[in-house]
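In the two complexes that follow, chain A is the common piece, with chain B as its partner first and chain C second.
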Partner chain A sequence: MLEILREYGLMLLIGEYPHGKLGGLALTLIISVASLIVTFPCAVMIALARTGQSRIFKALAGGFVHSVRAIPLLMLIFWAYFALPLVIGFPIDATYTLIIAIVIYQAAYLGEIIAAGIEGLPKGQTEAAKALGLGYVPTTFRVILPQALFNVIPGIVNQLTTIIKETSLGSIIAVSELSYVMLQVNSNEVTKPLQIFGILAATYFILCFVLSQATGWLERRIAGKRTGRVVVEAVA
Partner chain B sequence: MIEFQGVSKWYGAVKVLKNISAEVEKGTTIVLCGPSGSGKSTLVRTVNRLQPIQEGTIKVGGTDIHARSTNVNTLRTGIGFVFQQFNLFPHLTVVDNVMLPLRRIRGQSRKEALPTALLMLERVGLADKANSLPADISGGQSQRVAIARSMILKPEVLILDEPTSALDPEMVGEVLRLLRQLSSEGITMMCVTHEMGFAREVSDRVWFLKGGELAFDARPDVFFSSDTHPDVRGFLSSIH
Partner chain C sequence: MGYQLDFGKVLQGEYLELILQGVQTTMVLFVLSWVIGLVLAIVLTVVRAIEFRPTQLLVAAFVEYHRNVPVLIQLFVWYFGFAVVLPDAVNDYLNDIGAEIGYAIVALALNKAAYMSEDFRSGMRSIHPAQMEAARSIGLTYLGAMRWVILPQAWRLALPALLGQTLILFKGTSLAAGIGVAELSYQARYVEEQSFRIFEVYGIATIIYMLISFAIMWLSSVLSNRFRLRVK
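On to the complex of A and B.
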């Protein structure tokens, strides 16, 4: 196992870079974080539509969430890979294809998490904002979202763990992320699948374990502050 | 200042306000009391349209609050509203709570709004708590901050929905003292409360609601006298 790490360690970390495209663990992390960053505003919009007054937006967002949750991510990746270029008329890089698919998929899940954060706030918060004469925009962005998003930080970090695992599906469309790199290593070595996929599993495990521990820690810290002292300067 | 004309409201099939007609004159203080479920809170919450009504009209300062031309947010900036549970925004400091309306409705910068907000906090005796978070102050102080916040846009009407019911007994006094002061300064006030001492001393009229009806509307000397409405007598003896 050490032998494999010695020989392919760098490849596992950064793929063929600098002689080729960046790949491996680095690309996995970049895709994951980029997906989360793009997903976030989409998820906020879905959550606002889901919890808002407009029936049309509510129905649209609800339809989106239920449709996405009823199909596997792999299907979305295929659609983005094969159908999207036909629709937009030009080919796009497989890495972007993967990000697009993950964003669509995760927007539904993260949207539900944020919506739960909004619905979990005491009704009095919205009422107090209304009673002051605040309109929808300041009520949403100054009163509701800062609190709701703070409360769901653990949920958001937890979704990052899920996204990291989902990027492994990129290997099917030849995105040179972690799993794809290790598949290549496996085809070079042929006789050491146990070691190779052992290393792959361990890498995902370490990454996700650390994040899930962080989620637990955040959860405990935030739980004590939810009803009272809430510091959200970073969000507000 | 505030006119109710034939106001009725239903929650589903349950009629919670029954044909209420009454008037609150400018600069007067009305105390609303009655058994729980009698519609007191619902009635005061109709004034700033937190609760819709199905029948009748409500006018504030001569304006029909349900008219098409009435902007609900503008209406609300003219009516301070204080809740039983304070409803301070926990992620904002005391002073940020108080100046939120100045900043987000009047469009003032933090620098412009700060002196007004601090002055208001001084009026409620809490200038030293300006930078505290709501979780770090007592219930009585929270309610005084909530009153300061509701008064920051200088509304002509102040509505209070059981402002002392969620407070520990030793904190009721500080809030009532502030309300007494505001009442004497001539704001039009509607206050739902079980504090009958406050009603007796401060109010100009006491409204007694029962089963969604305005059963009795009298000056406090009559309300608390021996020839009051029989239901009031029963109610008063039940809460003492």
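On to the complex of A and C.
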């Protein structure tokens, strides 16, 4: 196991870089964070449409969320990888197609999480803002969203864990992220698959375990803030 | 672009047969993994409920492994990793009878067992301990209290989450394509390579996935409403 780490450790971390493309764990992290960043505004829009007044937007967002939840991510990746280049007329890098597929997929899930955060706020928040004479835009962006998004921070971090796990599907369309690199290592070193995939699993485990622990910590902290316990502690 | 949609080309003869075989394999994966996963989940929940530290830790480790490692990698570990531990004779035999689908069922079932046992556990935890004490104080035995007081509420509380896991498992069967199981996604990819009818093939596969998913979602909402815990 140690020999494998010695020989391929650097490859596991950054792929072929600097002699070739950046890959491995670094690429997995970049794809994950980039996907989350692009997903976020889409998810907020979907959440606003889902919780808003307009029937049309509500139906559209609902249709989108339900449709996406009914399709496996792999199918979306196939669409983005094989069909999208034909539609737009020029080839796109597999890394981007992976990000596109994850963004579409996660927009539905993260949208639901944020929508739950908005619905979870007391109705009095919107009513008070209205009573103060605030319109829709200031009510949404200065009253509702700041609170709702703060409350769903644990959900967002948890979604990052999910995204990291989903990037492993990139290996199927030859995106040189962590799993793909280790599949290649495995085909070089045919005799040690258990160690190689053990290392691969352990790498994901450490990453996601730390993040899910962080999620738990954030959840407790934010729950405390909401009930005012943390504030009391700080005063006492 | 000059691309003419022609579903007829894909929905006939050999191609149609391959797609239908894919649907069948997907359903076999789904149903077997679900049943095995559910049974294992119940076992795990019981083991974790018994106050014995080493086994509790073991179950916790099992759950954390399956929650924090991508499903695809869990499939790789079984398919590539576990195979080398077995003697050659066993491997030859397994390959003859179709090792991929067996490993896929094992991996998916263990994964679901971990998630479902967590759902059961959180269902149990949301029932106030006083209910157990009250049940015992009116003369029920521990098992009687479980049978008549705790479990009837716990499984209803866990039901929505379990149904959610069912949908996730159904979609997760597509990952078995990653180790070469000829389920729906794999067959779609293969037929697309043969026929070059990208939009038709993926369109059909996507619609099949959606129809089955919608059926699962509909059944889930019916069951969730039917068995909703009304006193809480």
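Everything that follows uses one rule, which is that the second predicted complex is superposed on the first by the 226 of 236 C-alpha atoms of A that agree within 3 Å, B and C clash if a C-alpha of one lies under 4 Å from a C-alpha of the other, contacts with A are read in each partner's own complex, and residues count from 1 in each chain.
By definition in this document, contacts are C-beta pairs under 8 Å (C-beta built on N, C-alpha and C of every residue); 3 or more make two chains touch, one makes a residue touch a chain.
The structure displayed is predicted, hence computed values, not measured ones.
Once chain A of one complex is fitted onto chain A of the other, the partner contacts of A:147 are limited to chain B, with no touch recorded for chain C.
With both structures placed on the common chain, the touch criterion links A:86 to chain C but leaves chain B unconnected. In the superposed model, more residues of chain A are touched by C than by the other of chain B and chain C. Look at A:72: by the touch rule set out above, it reaches chain C but stays clear of chain B.
Residue contacts after overlaying the shared chain place A:198 against chain C, while chain B stays out of touching range. Once chain A of one complex is fitted onto chain A of the other, the partner contacts of A:179 are limited to chain C, with no touch recorded for chain B.
Judged by the touch definition given at the top, the superposed model places A:131 against chain B, while chain C stays out of reach. Once the two complexes are overlaid on the shared chain, A:220 sits clear of chain B and of chain C alike.
For the contact definition in use here, the chain B contact set and the chain C contact set of chain A share no residue. Taken together, the chain A residues at the contact with chain B in this complex read 122, 124-125, 127-135, 138, 142-143, 146-147, 150, 227-232, 236.
Against chain A, the residues of chain C that register as touching in their complex are 1, 3, 64-65, 67-74, 76-77, 80-85, 167, 171-175, 177-178, 185, 188-189, 192, 198-199, 202, 205-206, 209-210, 213-214, 217.
Per the touch definition, chain B reaches chain A in the complex via residues 48, 50, 73-77, 79, 81, 83, 85, 87-91, 100-101, 104-105, 133-136, 146, 149-150, 153.
Those residues of chain A that touch chain C in the complex are listed here as 66-67, 69-75, 78-79, 82-83, 86, 89, 161, 164-166, 168-169, 171-172, 179, 183, 186, 191, 193-194, 196-198, 200-201, 204-205, 208-209, 212.
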